[in-house]
Amino acid sequence: MSNFIYYVPLSIILVALILAPLVFAFVISIVRSDYLCSLIIIVIAAVLAISSLILFARVTITHQIIHYAPGLIDWNLLVTIADFGLMAMFIRMGVRRKSVLILVFAVIQTIILAWVEFGPKHTEMAYPPIFIDWLSIVMTLIVSIVGSIVAIYSLPYMREHERHQNLTVSKQPQFFRTLLLFLGAMNGMVLSGNLLWIYFFWEITTLCSFCLISHDETEESLRYATRALWMNMVGGVGFITGIALIQLKNLPMDASRLLQLVHTGNEAHLVALLMLPMACLCFAGFTKAAQMPFQSWLLGAMVAPTPVSALLHSSTMVKAGVYLIIRFAPIFRHTGLSEMVAIVGAFSFITGAMLAIGQSNAKKVLAYSTISNLGLIIACAGLNTPLALAAAVMLIIFHAVSKGLLFMATGVVDQSIHSKDIEDMQGLWASMPLTSLIMVIGILSMLLPPFGVLIAKLAAIESSIQNPLVMAMLVIGSTLTVVFWTKWMGRMLATNPRADGRKRESLPALYAGTLAVLASGAVILSLFVKPILENLVLPAVANYYNVAGMEMTPTVLSAPWLMIFLVIALSVLAPTFFNHLRSSQIKPAYLCGEQIASHSTTAQFLTVADSAAEMTVRGYYFEKVTDESVHVKWVTIVATLLIVILFGAVYLWK
Amino acid sequence: MNILQKSRAKSPWILHYDAGACNGCDIEILACLTPVYDIERFGMVNVGNPKHADVLLVTGTCNKRSARVLKNLYDQMPDPKVVVAVGACALSGGIFHECYNVLQGVDGTVPVDVYVPGCAARPEAIMEGVMMALEKMNQR
Amino acid sequence: MSNRTVIPFGPQHPVLPEPIQLKLELQDETVVSAIPHIGYVHRGIEKAAERMEYTQNVFLVERVCGICSFIHALCYCQAIEQLQNIEASPRAKYLRVIWSELHRLHSHHLWLGLFADAFGYESLFMQFWRNREMLMDIFDKTAGSRVIISTCAIGGTRRDISDVHLQEILDTLDEVEKQLDKTLPVILNDYTVKKRTVGIGKITREQALELGAAGPVLRANGVAQDMRQLGYAAYGELGFEPVTENDGDCYARAKVRARECYQSVELVRKAIRQLPDGEILTKPKGRPKGQVISRVEQPRGELLYFLSADGTNRLDRLRIRTPTFANVPPLVAMLPGCELADVPVIVLSIDPCISCTER
Amino acid sequence: MEIINIFFVVVIAPVIGGLLFGLDRKLTARLQKRMGPPILQPFYDLIKLFGKGRIAANQFQLISVSVYIACTILSLILLATGQDLLVLLFVLALGHIMLILGGFSVRSPYSQIGSQREILQLMAYEPLLVFMVIGTYLKTGSFLVSNLMTGSYKPLLISLPAFLLTQIIVMAIKLHKSPFDISASHHAHQELVKGIYTEFSGAQLALIEMAHWYELILLMGFIALLWQTNLIIGGLIAFACFLAVILLDNISARLTWKWMIRFAWTFGVGISVANLTAIYILR
Amino acid sequence: MMETMEIKPQEIIDIPNIRDVDVSELLDRVKKAADEKRRFVTMTALDRGDHFEVLYHFDRDLHLEHLRVRVPKGQTLPSISSVYLAAFLVENEIKELFGLEITDIAIDYQNHLYLIEGVEPAPMAKDKPLE
Amino acid sequence: MINNVLSNLFSKPATRDFPAKMREIAENVRGSVEFNTENCVYCGACALKCPANAIEVDRPAKKVTFDLYKCVACACCAEACRKGCIQMAKQYAHPSYRKMDVVFQGEPLLTDANGDS
């Protein structure tokens, strides 16, 4: 087996991961057969997953960092040309959408890009453009596996989606084209070491997200897509400014070399010079990861078909943002910038959770939860200890799986009950037992032990102890998180006693398959969280920071997680299998003695003038306390201030 | 008497439903809770929820609307359960037994195990009634 | 889906000693509307009163409500006395005052306890109900029964109170007053109690009048209206000023009743001091004929009896308007806008007597 | 040693917990000038409940109760075997959330509203617990109880006095005592009947009751940690806190959840953070 | 202190302060009472064989005043709950127990205030058996 | 309140030790109706006065049927009886498992409400 891994040439793997999706994206837009299209998607998905696993095995087994220069043609030139092509497209879009913001930012980017490419200064690359280390592998795995699963899930979803829209001409080819392009670009981004390459792929993801959000081409979706585009272009401006500053100061342009600066230690003056460019890159990361005050593009992106949300929130796009910050985190360790990044992240964590409490739209809750979790990841990156970074990486993994799962399940529910409102999901347990079970697993895996997200969160809290402000925000944010998740689960489980027993739910095979894979993935990964963390992530992180072993012993890992898992599993399974209720033991709920009939499906009670009324209990959304429109205002102001302080910190507090 | 029976006898949880009383018996039931009578000595607790209750204390004449509620409450109580009818009204309708909206006693609606007479029934009689009901429950 | 929570509150509910249902519509936990649904204790007493002899009706109307049974009987007897054109003896009038005020005292104790229970102050509930037992013992000794004391009769009273018992009453009242001194400041000054009652269930004076509120609900809005001002029984000779408060919230209602407790103690003491000797029963002659309205003050407020008699030994019509019946519309006005947790407190604040309301 | 600890926890803890609840009822009665039930009353109740006929509204209720008690016992075992305090807290929270879901799973207004309020209670006390754990970390450099017990530190109470107060608040909230008996109360005299427990009955209710006994021991164990050098003194402090909670229950009315959140998050979090800040500064 | 109510044998045959009004002018009269800040006490219905006699009792500083309307059986009576909301309960009661149709009550219980479906309607009417 | 509950704690409970010790019952308590048919002339005055119609007198058969479960203990019958046959016992009527009528026909005997003894 291990031999096999080495027989596959690296070039083939890279082609499979980056180029194949790009190429097949164009094939799909030509193919006019549904069947063939599905086949291609499934094959590509399989190829992506297998290639990423092979790459994983290769890098993990050999513990090596791969630098690789692709041959055949001058790829640098190709990237440069394509970069300007992209800029042209952005400008065209700005014109077509009549958006001044897009135009302005596109033009600024083009100018800076032109300066970088053709300006007086020029930096030589120390290393070839492809740079693969443990972090790239983690990201590739997520993009290639979770992203592929979302792509497969989209097949039945988009068919149903279009059936609903009564389209004459199917837009599925465009959709899948963009999807594949997106996955390829993401892989390209995480596997590149050259900042200009990263920037190039970064801008492709921006473009793809615009296309996907605006897919339905309704007034609303176009509006939100435009917003997503200009906000991400702000980030793009930040990114290219960062690159330009690096070039201005004659600093190395590839990630690999930059990271080495920290390792050697005798180039501290260079590190100090890097702070401003790093701040620019972090800023770009904030926009892409939809941190406050840029959260609104991600919320607007909800108008897109659900697979798009699943993709944006779990494996691609927003993860690109946190990837960028984590990628360079060691460089700005022990600086004011790092502190501020932690605070900005923690602020998004707490405010995202707070705003999620007030939402009843499932996708909006998920969106705020994503913002909140990404905030946590960024806070970890800002805490910038090996343990914190390990927690961040674990969060990226588990969040991708769980969030993808939740979005996909929400999509299934939406297509069944035609509502995304959590209140409408009341009693889903009775009508869609399978989907709601999967959703409950998804939510529990976001929230509680013994699932990975929580373990990572505990590690995050542990590593935040030296930073009291961040710690307090993390503790309170975690508590807020409990509120909206529990409420949501509670809604789904609120059923009535049924005399006719449980309804069987039939899901299309692709839905059931993809959901089952992710759900079991969430559980199994959590089961192995300790070995994964101990054997893979922590050594890699320690290496990343160039420290010998961990600086802190993470006590969270010393807990007997397997026993905890076992006890919880047993306590769930025991009543499920050995303790069944007979129908005579099922009694209707207590309604003060006025319930009607003992086995009805709706909870009704007799009331005024002996008429029947439906008993409804709505979840608490604390409209007065958590009014979105009010809070978003001050949150935006505070977050903007924080970012201003962040840049100030770079100057004042090194 | 085994330990379960002993525990049942020592932990009667009470559900009180006023099926149409004049309040006389109800306040006497409440008086049972108070320091002077303190039925918690015998483990009796007024739980106010049929799903937790062992003993259903019914007062009042039971009119037709109340009968519906009474039946519902009785059905929701888990076995073993006993019913104690308190006061003349609950036994037969008392002074109201010929009124147009009155059912003569609650035993037409739910099976009554112990009848506590009186208008209003004294707290002592109510306590005695509950204890008799518990004996009956343990004999079943 | 509606964004309102719709839940039943009652008829069987641990916080409601009597069956009444409120159909509550909530937004989060704020009450948007509350509609009462009654009829769980309706017996048809007004019809039964047409069937029974007018003398037997005394026992019927006593059982309209077990908490203020004596006052119901008093109101009825006074009405019949007016129709028969007789007057109770002075001693009977004073005895009536004594029993009425003792009833008010025990009813207010009962209410204060239940009110404390409504906001979960269990030890306070126990305290008031323990004090109340002293009054119950007085009823047991003087009238032979704890709850339905059956001492009022047409033309006077059925029983006399011996001097020994009068002294006992005075002693008990001293003790009751002592306990009130100990307990009432707690309910009135406690931080948690104030948090739960001040500003809760507030209505304005205009609303109270417009919605026909009666008794302490009305007096808590500064309207000095108390039927005892009419001077029935011996009240005219005892000197009486109604107790009023101005805030119109649950706290003000509690305060009115708390002060009335002291007032009742004083009235009983005064009545015992001034108690004249003499017969207790005036024998009625003839049969009642004509129409009359009799009004007295219950612990819960104004009680009104309308009698129409045609000279036989059965009444043509007996109409009973009880104070809670009048206080239901104000209750409906108090509830919207409050929190779910305040519902029991507000419902209790009118001192509801459902068996009175529905008869 | 571990086995003995685990045995102690699983078998002896509920006995002590039950007796403490019996004492609670007796003491409450005496504070109200009543005789009160025998001290063994909770055990009678428990046995009776186990003997009741089973009724439930759905299967999920059974699962939720089973997870609830399993998690409670598990977290107590984690404490007894000297494991990570933070993990312990979240295992406990898992059990609690499953119970909440059990309350949610029935379409009954009282159990559902009770559940929503229970979430708010969770929200109110959880930060206080976590802050205390963080306080111990700051003093000992580890979340491990074993580390705390074996290390030679001064009693934590000396440096973390605020947490004694917050633990009393947590205990009052967790035991549903006035003024925090918001989602359910010991005596079902409130607007939500028995709140979150309304729809559990018979053996399920018995298991919940038992879980409360474990939980009480756990909470007292938590307080005892504040005097980790001598657990007998720690236990006495915990017992004193328990008595304080009973007293508090008898001298206050039930307040609303808004007040609770405000109180827990201003006063509770306030003094917690103040204490932690003091440690940071003094270090 | 208010003066003690004198009991005068001559006056008690019919209650004092009573004013007969026609059904058509009832609402105006009630509005006038409301304008003069009278407190609505209650209503009383009497079954007089071929017609209902309905009394409206108002209070003003402890003095009672009454309006009386006579409604032939089969005719309807307008609700005064638009003027005095407090009347909705008693109007529902009269409507249900006497079978006198009262129109436009603010909260109408549809003849199910006290009695449930299937019970003999209008039990208070004189032609109904006494038991 | 804290003084209040603490003083409660350190004083004797107010609880009456029922049923171990019965409370002394006051004079003139209207407990339950007691018949003494020795002097009864079956005049029916008691039945006429009873507001709850709990007493039936069958004059020819010399039979008095008393329904304890309708009785509201108002003592009207005792007041109405000129022969002093009816007294109000000081003891309250005890609960029972079955509804039974008290029938006096020479000797008092208890029967089920349904008629079978």
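Residue numbering begins at 1 within each chain, and the chains themselves are lettered A, B, C, D, E and F in the order written.
Convention: contacts are C-beta pairs under 8 Å (C-beta built on N, C-alpha and C of every residue); 3 or more make two chains touch, one makes a residue touch a chain.
Quick caveat, the model's predicted, so the values are computed rather than measured.
Listing every chain that touches chain A and chain D alike gives B, C. Counting steps between touching chains, the shortest path from chain C to chain D takes 1.
When the partners of chain A are compared with those of chain C, the chains appearing in both lists are B, D, E. Relative to the centroid of every protein C-alpha atom shown, the closest chain centre, again from C-alpha atoms, is found for D. Chain centres here are means of the Cα atoms, and by that rule the chain farthest away from chain E is A.
Distance from the centre of chain F peaks at A, each centre being the average of the chain's Cα atoms.
The count of contacting C-beta pairs peaks for the chain pair A-D. For the pair chain A and chain F, the distance between mean C-alpha positions equals 79 Å. Centre to centre, using the average C-alpha position, chain D and chain F are separated by 51 Å. Measuring from the averaged C-alpha position of chain D to that of chain E gives a distance of 58 Å. Centre-to-centre spacing of chain E and chain F amounts to 41 Å, using the average Cα coordinate of each chain. For chain A, the set of residues touching two or more other chains reads 587-588, 590-594, 608-610, 615, 617, 620.
Chain B has residues 17, 34-36, 38, 41, 46-51, 65, 68-69, 73, 76, 94-95, 98, 100-101, 119, 122 in contact with two or more other chains.
Among the residues of chain C, those in touch with two or more other chains are 5, 7-9, 11-15, 29, 35, 39, 42, 44, 47, 51, 59-60, 63, 123-124, 126-127, 130, 133, 145, 148, 190.
The set of touching chain pairs reads A-B, A-C, A-D, A-E, B-C, B-D, B-E, B-F, C-D, C-E, C-F, D-F, using the touch definition from the header. Chain B meets chain A in the complex at residues 17, 49-51, 65, 68-70, 72-73, 75-76. Of all the residues in chain D, the ones that touch chain B in their complex are 25, 29, 32-38, 41, 43-48, 50-55, 187-189, 193-194, 198-202, 205. By the touch criterion given at the top, residues 28, 31-34, 109-110, 113, 178-179, 181-182, 185, 187-191, 193, 249-259 of chain D touch chain C in their complex.
Remark: chain D residues 53-60, 62-63, 65-67, 69-71, 74, 78, 83-84, 86-87, 90-91, 93-94, 97, 100-101, 103-113, 115-116, 119-120, 122-123, 126-127, 130-131, 134, 137-138, 142-144, 147, 193, 198-199, 269, 273, 276-277, 280 touch chain A in the complex.
Interface residues of chain A, counted against chain D in their complex, comprise 427, 429, 447-449, 454, 458, 461-462, 465, 468, 471-472, 475-476, 478-480, 482-483, 486-487, 489-491, 493-497, 553, 555-556, 558-560, 564, 567-568, 570-572, 574-576, 579-581, 585-591, 603, 615, 617, 619-620.
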